[in-house]
Amino acid sequence: MLEAQDLAARRGTSQLYEGLSFSVRDGVALVVTGANGRGKTTLLRALAGLSEPAAGTIRLDGEAVRPFAAILRRAVAFAGHAAALKDELTARENLASLAALAGADPSPADIDAALDRVALGPKRSLPARVLYQGQRRRIGLARLALVRRRLWILDEPVTALDAEGTALLAGMLDAHLAGGGMAVAATHAPLAVDRSRIASLSLD
Amino acid sequence: MAINWYHYASPATFHPLAGRLAAAFAWLAAALTAAGLWIGFVVAPTDATQGEAYRIIFIHVPTAWMAMFIYLVMAFWSALALGFNTRLSAMMAQSLAPTGALMALLALWTGAFWGRPTWGTYWAWDARMTSTLILLFLYLGVIALRNAIDDPRRADKACAVLTLVGAVNVPIIYFSVRWWNTLHQGASVSLTSAPKMATIMLTGMLVMTFACWFWCIAVALWRVQAIILERERGAGWVAALPAVRET
Amino acid sequence: MGARDSDDHDGGGTDAFAWALRRDLAIALRTRSELAVQLLFYAIVVTLFPLATTPERNLLSTMGPGVLWVAALLAALLSLPRMFALDQADGSLEQMALSPWPLPAIVSGKIAAHWLVTGLPVVLLSPIAALQYGLDGTAIAVLVAGLALGTPVLSLIGAIGAALTLGVRGGGSLLALLVLPLYVPVLIFGAGAVDAVRGGLAVDANLSLLGAGLIVAALGAPFAAAAAVRIALD
Amino acid sequence: MGARDSDDHDGGGTDAFAWALRRDLAIALRTRSELAVQLLFYAIVVTLFPLATTPERNLLSTMGPGVLWVAALLAALLSLPRMFALDQADGSLEQMALSPWPLPAIVSGKIAAHWLVTGLPVVLLSPIAALQYGLDGTAIAVLVAGLALGTPVLSLIGAIGAALTLGVRGGGSLLALLVLPLYVPVLIFGAGAVDAVRGGLAVDANLSLLGAGLIVAALGAPFAAAAAVRIALD
Amino acid sequence: MLEAQDLAARRGTSQLYEGLSFSVRDGVALVVTGANGRGKTTLLRALAGLSEPAAGTIRLDGEAVRPFAAILRRAVAFAGHAAALKDELTARENLASLAALAGADPSPADIDAALDRVALGPKRSLPARVLYQGQRRRIGLARLALVRRRLWILDEPVTALDAEGTALLAGMLDAHLAGGGMAVAATHAPLAVDRSRIASLSLD
């Protein structure tokens, strides 16, 4: 369970949000909405432990966590705007490298299977440089599946994904939640996930 | 006795306190400067070998000492800022940097103008000169880094890391430069072999050092007041200040 | 486990180091041209000095050690901005900071890769460059030993500067400003060692000081750089 | 009007030059700290050399002119990558290339601004730096004159390199590699002039060559740089 | 009238499109659609004279034009992904600078009026650094209005614009077309412009 208490964010001198409190239970995805610049990304980065909130506390399973806390780093899979791919490495190398970084230790077969699942099998030996934006995001999906974290934090996960990619994401998210995982996603488009598993938070 | 340090570490309480302290230190500095200058320029006798030029010592040595000392103080506040995440310590460190740079600059300047009559040159690659110059670069680096970062919280932390890394390096630089110099050649002018300094000169120097020290404290406190106001301009207590309400 | 603090880690430091080292080397080897550019820059700077000053042998061999060291330092400086900036731009840096592995170990691996790519080539090229300046055999040996001990320190200290100036206005020049004063002791001990051996003095003091500096920097810099990386992500 | 060719222009060259100069200066003045950083870089490099070589006055004054020139050259080099890259990143460069004004005139304005921001400060600081190296009055005068004529050439030639390496991988180092060989003549004439005056020889030959170089560069470089900008946008 | 004949584009080794011919009459907007990576941006840049097509000719009023041709540069207003704003300059300075660059010579009052029209009046003295993405795009709209060109080339003009901004754009485009102007726009979302004035081109 992830709890936020009285969170506030400031950028320069302006206040983005204040007194924000919510909790995300296991098996639930919190969908954060709000117009551009309302602080969705800022909130997600704070929850992932990448930045210190201007005020307030974040608790994971009741324990207050500070930025980069070890328990947070073991629980969170963060997918931000950037896909963390190296242009010089192949799709497969990129995925293997990212999985290792997250502490997972997949075999080459696991990697290939994960790439197949996101329909990137044929592209696995191409350098990431030549992949389209949508294909790059799919590697990110494969990573999410491989690293097995409890808490997914997804910033605009459907951007640049086509219909098939979006369906893929929804399926994975559904399975993740059904398995007791948590998720926080900032998104403009609705997610095609079992409605009962979705909680909403608007920053407007 | 239990002083509630956190109480004073809050910018809102510290702001008025800083104002009162700054005024007190400024008056002290003024009094000591008057005394120091009187000793230095009236009481102290003309030097047998250097004539009147040696009187630069009364400004040169205090500023040179302060340049080094302020860096230590800055490092202390930076360590507090990183360790305890206190805003006020970071502001103190920020307010000290320009003063430190000024002191280093003054030491260089007075030293150079002293060197002209005594050594026949404005500049030599002497150990103390060189290490003071590098110290000036370190101060300027901290100031430049601060200016380059928009977000003050991030600037606080980044400058604190830089200051601490520099603090480890300052003694290393000091000794390396010293050693480098002696490896090549003997010091062009040996200050230590000069006749023992007269007591009256020493007194004058010490008085001027304290004057300089207090002046630095006063200026740093005034600057920290300004920084507090700028950073907390959104906060209620700033809006309630008489000076702010008037404008 | 009670791992509550942000600086409390999971272990796996060696894995983290090896991961970062292997990854950065792989990337560098794919873009081989960069390696060549690095070496050429060093070669050109070393060549410029005799052109700008004097072709006289005596003077050249006096200046030689200093010039070769300054050139090594500038070559290191030139490559520093890219140390973390590319990783920040593509989001890898976030993932590293969020890894269960200790960030200082990852950063150490990146620093080691940086040295292998930018420092080691300079060390290997320096004997040839030293010949241009008319240095003799022992002087060259001391020069190479000094560079071998000193260039890793340049990468280590440089990493702190690179992390501090991540995404900051005026990056490259500011980085130079922050880092160059800190490089001074390395320069003095390194060039001093060659001068000492040319003057018939013992060099062990200089080289041991460089070695000590390397140990201190290796123990401290990755932590400072990791802290700076976290600050930059905030 | 028959303006059919891509190199056929509308006139308005002076307007274009003034526009670019004014704009880039305004931006540079808003980020004042960058100006300071530029100066400090020069000051620090100038300081490094005596530390690496020797504090001995005689030797220093022999090396001085060369070192001061090389430092000026490196300071210019360091600031080159930003000359067009920021404008490309935010899309301004496209708009400049699509302006009815002649692109070489716009580029000239940008080069002039670059020199005012990076070259002129070096010229102004050089007398103080020269004092540190124990140069005397006439030598300093010749040094300053040489830098005043030579640093604009560095900006002009640098602009071509900066435009050619726009958006290319390994930009900074590659740029250094392209540009440094072209800087060599400037360096030789500039440092040579100071050496000449210190040796009691006439300096006009050296300075006139620098002046001639400046004229040639001013007439040619903006066109070459403009062509390179268009290629980079393609 | 803008004509394209047998245009082709190549990126690296792969062909994006080939044998593309179309014409845009005065008063008409050509809307270019196509999935990600199909070459919309590439086509627009070729039409703007920013890059040379791999094959084919582009004619403006019957005259063949090469990249950066002077007649093209006097006719085209190009709005690409990047807004060409300088973070250090204020909104007003940016707009004045861009207008001057395009050869227009608006008075300060014109500038302020243009900013007012895109609802940026109150922000006119803020440095562009602090403006949101949407506000930055609005400065681009104000620029289009100020520089008075015959041919607008717009790459994804509605990205980052909210409903109000989109309506503003549609209004401006309508007026432009009604006045006999031409436009080529690459867009995913439909433009709310008089249907009779719209021609379509799909790259899929």
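Going by the order they are written in, the chains are A, B, C, D and E; count residues from 1 in each one.
The rule is short, and it goes like this: a contact is a pair of C-beta atoms (placed from the backbone, for glycine too) under 8 Å apart; a residue touches a chain by one contact, two chains touch by 3 or more.
Being a predicted model, the structure only gives us computed values, none of them experimental.
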{"item": "By count of C-beta pairs in contact, the leading pair of chains", "value": "C-D"}
{"item": "Farthest chain (mean CA position) relative to subunit C", "value": "E"}
{"item": "Approximate Å spacing (C-alpha centroids) for the pair subunit A, subunit C", "value": "35"}
{"item": "Rounded Å distance, subunit A centre to subunit B centre (Cα mean)", "value": "48"}
{"item": "Length of the line joining the C-alpha centres of subunit B and subunit E, rounded to whole Å", "value": "56"}
{"item": "Overlap residues in subunit A, where contacts from two or more other chains coincide", "value": "12, 52"}
{"item": "Multi-chain contact residues (two or more partners), subunit D", "value": "31, 33, 37, 40, 44, 51, 54"}
{"item": "For subunit B, residues contacting two or more additional chains", "value": "134, 137, 140-141, 144, 148, 150, 153, 177, 180, 184"}
{"item": "Subunit E-facing residues of subunit A, complex", "value": "12, 35-37, 130, 132-134, 160, 162"}
{"item": "Subunit C partner contacts - residues on subunit B that touch it in the complex", "value": "82, 134, 137-138, 140-141, 144-145, 148-150, 153-154, 157-158, 161-162, 164-166, 168-169, 172-173, 176-177, 179-180, 183-184"}
{"item": "Residues on subunit C engaged by subunit A in the complex (per definition of touch)", "value": "1, 3-6, 8-10, 12, 15, 19, 23, 26-27, 30-31, 89-92, 94-101, 103, 230, 233-234"}
{"item": "Residue ranges of subunit D in contact with subunit C within the complex", "value": "31, 33-34, 37-38, 40-41, 44-45, 48-49, 51-54, 59, 62-63, 65-67, 69-70, 73-74, 78-79, 81-82, 169-170, 172-174, 176-177, 180-181, 184, 187-188, 191, 195"}
{"item": "Subunit B - residues contacting subunit D, complex", "value": "121-126, 130, 133-134, 137, 140-141, 144, 147-148, 177, 180-181, 184-185"}
